[in-house]
Amino acid sequence: MSTPILEVRRLEKRYAASGILSRSRAGLKAVDGVSFAVEAGSTFGLVGESGCGKTTLARALLYLDPPTVGEVLFEGTPLGGLSRAGLRGFRRHMQIVFQDPNGALDPKMSVRASMGEGLANLGVPRAERERRTAAALELVGIQPAHAGRYPHEFSGGQKQRITIARALSVDPRLLVLDEPVSNLDVSIQAQIINLLLDLKSRLALTYLFISHDLNLVAYLADRIAVMYRGRIVELGSTARILDSALHPYTRRLFASVPRLTGERIAPKMEGDSEAGDSSRKGCRYAARCERGELACHSNDPELHDAGGGHLVACLLPEKNDQGG
Amino acid sequence: MIRRPAARRLYYAALLFLAILGAAAIAAPLVAPYSPTEQHLDRRLAPPSRTHLLGTDNLGRDLLSRTIYGSRSALLVGIVSVAISALLGSLVGLVAALSSPSLDNLLMLVMDSLLSFPTVLLAITVVSFLGYGLVQVMIAVGVIYAPTFARLVRAETLALKNEGYVEASQALGTPQVLVVFRHILPNLLGKVVVQCSITFALTVVIEASLSYLGLGAQPPTPSWGLMLKDARDYLVQAPWMALYPGLALAFTVLCFNILGDSLSERLNPKL
Amino acid sequence: MADALLSIRDLAVSFQGREAGGSRPLRGVDLEVGPGEVHALVGESGSGKTLTATCVLGLLPVPPARIEAGSIRFQGRELLGLAERERRKLRGRRIGMVFQEPSKYLNPSMRVGEQIVEALILHLGLSRRGARARAAELLELVGLPGGRQILRRYPHELSGGMRQRVMIAMAVSCEPALLIADEPTTALDVTLQRQILRLLLELRDRLGMAVLFVSHDLAVVHGISERVSVIYCGKIVESGSRERVFGRPLHPYTQALLASVPEASRRGTRLAAIPGTVPDAAHVPAGCAFHPRCPLAVEKCRLEVPALLDYAAGPPGRAPAGGEAGASSHLAACHLAGRS
Amino acid sequence: MVPGDPALVIAGVDATAEDIAAIRARIGTDRPLPAQYLDWLWRVVRFDFGTSLTSGQPVTALIFERFGLTLSLALLGMLISLVVALPIGVVSAVRRWSFWDYLGMGFSQAGMAVPSFWLGILLLLALAVKIPLFPLFGSGSLRHLVLPAVALGIARAAVLLRLTRASMVEELSKEYVITARAKGLTERMVKYKHALRNGLLPVVTIAGIQLGYMLGGAIIIEQVFSLPGLGRLFLFGVYQRDFPLIQGGVVFVAFAFSLINFLVDILYSVLNPRIRVG
Amino acid sequence: PKPLTWALSGNPDSLDPQKTAGTLTFQTVRSLYDTLVEPDAKGQIVGALAERWQTSADNLTWTFTLRKGVKFHNGDALTSADVRASFERIKNKEFASPKASEYAAITSIETPDPSTVVFKLAKPFSPLLAALASGWGAILPKSLIDSGHDFSSKPVGTGPFVFKEWVRDNRIVLAKNPDYWLKGLPKFDSLIFQIIPERAVQVQGLIAGQIDGSDIIDQEDVPMLEASGKVNIDRPLTAQIFVLAMNCSKPPLNDLRVRQAVNHAIDKQAVLDVAYGGGKPVGTFMNYGNAYYRDFTSLYPYDPAKARSLLAQAGVGKDTVLEMVLPANYPPHVKAGEMYQEMLSKVGLNVQIKLVDWPTWLKDVYTAAKYDFTAIAHTGKLDPDGTLSGYGTEKRYVRWINATAADYIAKGAGAVGEENRKKLYDQAMMIMAREVPFVFTGTSYRRVVTNKRVKGFRMDPILDTYDFRHTELQ
């Protein structure tokens, strides 16, 4: 097996407790020991509910906000060992697109200037920069003639195209997409998704696609990792996750997704009341888990292979009929 | 959502007044009818008349000329001390926001303890260390208002640091210093300018207060605060001595406040 | 349906703004909600969903906004032009409202209990004690057991899902005939979303109220509604039963929207994206507002605003006024609707 | 170091070199500065600020003798500024762009443009000289404090008024106000029950800081109105190079200011449930 | 009846007359303490607590006989032991009185009986009598001195009034001393010193009748006060001498011609009128009321042309920048300084004003002589030695060195008899008036304003203290 393009090993990110009066002095573990690998050329999906640590993970693995503990390897090179300058040089290989296209462009800078930044950092001469910027804009369907405009002169969808073009301007191999379409209208969303699909096949990119929209991830990703409160609780191929999820949380998550093809929601509220906080020890899903047993409250399950590269962190995984 | 036309008119009126003031300060020798320090001992405490449009003071100096020249001190103090506090404060704020938490805490502790002194008290203390005079007042006022800028810039920088475009720039490999100059500073500028305008107004008042206590401008420098101080003793006999420098002072403060308000409204379309 | 609970006809709203001429975010909305029905209003951002709901409640900020034309009848009574005092009696009492972001729409410095109780006292004339007891019952009803303790909490002490339940409890506290829910689950996670949707349906069953469910999420609408209205640029473009709209959409816009939803079943295919962007309310194209993005548009679409017609029985017929459309109607506003 | 030698001030112009040397020895300024400073620090730790060089009285006693007046002045000034600022600010916000709003904002702008000492002199001239409603000088009764407190309060009221208005305007544009309206509450309840409480929260914090500034602003006002307060004492200390007095005053004011801020923080957390600690 | 309320321009730093040099203190404590001898209305020194005194032939032994039946406010009877304790207190090195050296000539104090005090001197010292008559010569009760009583905040003396309360920076309240040794005096019951720093407020207070008197009224206020018809205005000459002092140790002012030019450049009467509210030029370093006064006013008349030519001779042009350091806390001197500056600039001297506060002035100007010009006033002294001692040597801030003059002055202190002393001082003053280390601008009028109900108020012409003993209220 070739080295994966990205490998994350036991990554942890802790936020310092703010203020002397805050309750937890140890601080908040937003990401708590996450490991996974992304194969070159694939689309790796990361799903989980709001606040589970998706964005934190993305920022940590790009060393925008270095991880507290753990290692990130890009094509086998540990990023943690790089100097500041070395890291800067490495950045061109991995780029990120953020959720909010409105905040992603400097309002005081023309699109041309924003786009040229990465190339300028690489020492690309001006004329060359202009040419490549124009090319990148063309690629995402923005008229290069509009490069002199400022962000507020573009719609949300166009801005998101521009940020994608900016990320692509330095020819990265890995693109981290942190909810790139969730702030966009349904009709625009589809345009961007199509664009991403096109770019991937044309430029041989690898995507790490983060979203809470399960439909979208299921549609795009080859493999899916499900996060719950800072941990990956299940990781496997899209088909396995959709059809034969092992973790009760995954099942519940996917069962909750509204679908165009599904039934009308039944007005029944079995066990629907608000769940309490997870206990400090044990499985963090135990409090909400319908199948939780005593052991779940004392033992924190590790992510382990349930066969065929399908990883799960559960003491009592669903019994699956299919084997491998 | 809709900007009031009246507010816009006020904004232009304020700009116009300040422009006139600035022009008067620059062209004072050309427009002032007399030298601001020339004493006409035979015409002391003369009420406004054709020879002295705004009257004379207790030493027979022409009040119109002194008021015109007074704009120089006011604007000079304003410009210099605002420049000092804006530069000093912004630098501290930037460094605090971008450095390690311990340095951040230390810098902000210093700023907060400066902030924890009543302004006038602090000014008096500073001036009593440095001696009396306009230069000292400029330094004192500059130091006093630096924490306001430091707080503002720090808060804004912390917010900007998390903006997508700043992170994106970092992700593209831009060195920290360049990120600051390219993205953070330009986006801070608006708020800093607003704060400058508000601080300018405060400065003018503080200078007047210190001059009133005898700690500010040195006679015979024509300064509005000093003129008010002189006028204090003749309020009943020669109220005009107080009226015009007072009006000039009040209008200047007013205009800078209006300017600050309008600018911040322009920057923040929400209100 | 002989008499609709809520009937909006030709509602047009304009805003005076910085730009000359202002904008017209609502350009003649027609909408009918029958008693006890769950009616979904679906459309993209800025299409006028919230504005429509705001008009029903009579909370339009009237200096910048202006109702140009139309009528809103609720329980047979015309609301537009009704005295403010009369309208206030309807708000909260006959028409409840749930908003998208419960964290913003609850008063942060007031105990949850007080926020529920005040409407009960005002509208039902309950004593404070009685109102508190009723409020506790309401919290139980929305799935917050131990309601009494929750009454004493402040919004920030509750989780997102709990806050949304409180909002719902507040909205249904006076057992209104109509509940308007403006994207009540958009801010919530999928698991919570499903719980809240269920809750709404259950309350509808128990209290017999109608629900006007506003959303931009077709999948959610599919899951909850009985009737669906699709709005584009301040005009209803299609309206019909859930089955008809999702099964046999008539308007190209509806069709395109449905095709653009990514789902695992469509893996490997390109999504059918709608080109261009939603025009903003100040620059709505003439004719059919959708024509610049419509793959089928013909010359007529550029010139003429299509009328909202009933295609339920095959050939198009003018939608009859006065709520005669009936549950089986399937309306669409498209010149080409009959032909495909 | 501060220019000027306290021994020279005490000795006066006719004293001989021997007299001055003796005075230096008595007040301890003949010793090296670091020694003096360490000595002072050690005493401050024990809450002993030493004795005033010019009057020979304990600094702590001098400060406490004056503090009451300055504090009452500041509190009364704050009361006046709140009484003026809150209602006008709220009405301005509620009736935005109305005649009343323009009037309120005009007042606020004027209040900020007029230095408080100037206002003090005018008040004195108008209400103690022209119309003798208030005493010209002296202290000890509430009547003596009214004019200075007004002079002090108005300038601060201008700031608080703007803040109240801005804060109320912001609150009125918040979403929970729409909820309150959607519940069918009357406009009065919406504005004064729901928005007001949140709108006043930032005002509390700023009012606290303003109270601290009032302690400082009192310096000038005390001068204008011949009031025997802390400000006059401090100013006197500065003029006389009475180091123990200056140092004691600075430490005391900083302490008082921090205390006020602390109390305001507590008050704020009582009023604002969001930051109450569990 | 309503108490007498007198306006005081500031807070005295202490009420202990032996511990301070502050004018405000001496003005106030004059009503609380008495001295052995005191100046009368003409400046002649007469007996007070001492009925009479005599000096030995060699002028080394001074014997004072105390008045009988004098009582301190605490009830103690005055004895010679109290006198001795008082002077030992002020002479005590540890007590560090700023006035200690005025009594340096005293080597011992003897008390042969309760009503006799004998001072022994090392050498003849004529100024001693003046030192005993000044405020710091106050007699304090021995019992309280021994017990370490705090006289600075709770004064106890033999004076016409008894201390009641002192609300610092607000007022000092005194009550009549019923046992005062001048029988029948004082003539009213209660005296309040009201501290009012703002002159305008004092004026309004006088007009409104809320203040009965003030002595720091400006000339500009006089018309208004007169118009009110409620007050009497007395305009005696003060003993103060207003000067523009020059630093004679620094060029160009070390050049006599430049100092003379400065003297010619100043319109002294104008400065007196405008800045000091009217007065008379003196031309010397002695006030009018003083027996030692001599007229030198004709030496340097106002003559800008002459000033210019003298400057030209000395080669001083516009490029020489001179610094005029002024005490910011004395507005009249600042005003005068502004006028001096304007007048000097008219003859071609470039002078910059620098305001400093009092401590800085004392340190930089008065002690270290870091200045070119300064405007200040010298207060009157009971004895010419107090005014002149130290001049001609580098001890004094003008740094004017003249051995001859210094010698005359030193001899004057030891000489006995007014005639002998006058000859010596005349010589010294003549040299000074010619060599002008100062511009002797003049002495000013004081405007003592009292309510019409106040009769018989007296202000000591030389010491500037208030004497309320003969004052009556109607």
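Chains: A, B, C, D and E, in written order; residue numbering restarts at 1 for each.
We take it that a residue touches a chain if its C-beta (ideal position, glycine included) is under 8 Å from a C-beta of that chain, and two chains touch if they have at least 3 such contacts.
This is a predicted model, so every value here is computed, not measured.
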Shortest chain-hopping distance from subunit A out to subunit E: 2
Chain pair showing more contacts of the two, C-D and A-C: A-C
Identity of the chain that, by mean CA position, is farthest from subunit C: E
Furthest chain, CA centroid comparison against subunit A: E
Length of the line joining the C-alpha centres of subunit A and subunit C, rounded to whole Å: 32
Subunit C and subunit E: spacing of chain centres that average the CA atoms, whole Å: 92
For subunit D paired with subunit E, centre-to-centre distance based on mean C-alpha positions, whole Å: 39
Distance between the centres, which are taken as Cα means, of subunit E and subunit B, whole angstrom: 44
Subunit B: positions in contact with at least two other chains: 128, 131, 232, 235-236
Per-residue overlap in subunit C, given as positions that touch at least 2 other chains: none
For subunit A, residues contacting two or more additional chains: none
Contact set on subunit D toward subunit B in their complex: 2-3, 97, 102, 109-110, 112-115, 117-118, 121, 125, 129, 166, 169-170, 173, 212-217, 219-220, 223, 231, 234-235, 238, 246, 250, 253-254, 257-258, 261
Footprint of subunit D on subunit C - complex, ascending: 57, 59, 88-93, 96-97, 99, 101, 104-111, 118-119, 122-123, 154, 156, 167, 170-171
Subunit C residues within the subunit A interface of the complex: 44-45, 143-145, 159, 161-162, 165, 189-191, 193-195, 197-199, 201-202, 204-205, 216-220, 222-224, 242, 246, 256-258, 260-267, 270-275, 277-278, 293
Residue ranges of subunit E touching subunit B (in the complex, touch as defined): 198-200, 203-204, 218, 220-221, 223-224, 270, 274, 328-329, 331, 334-335, 337-339, 341-342, 353-357, 360
Interface residues, subunit E side, partner subunit D - complex: 11, 13-14, 16, 19-22, 93-101, 104, 150, 152-153, 167-171, 194-198, 201, 204-205, 208, 210, 329, 356-360, 362-364, 366-367, 386
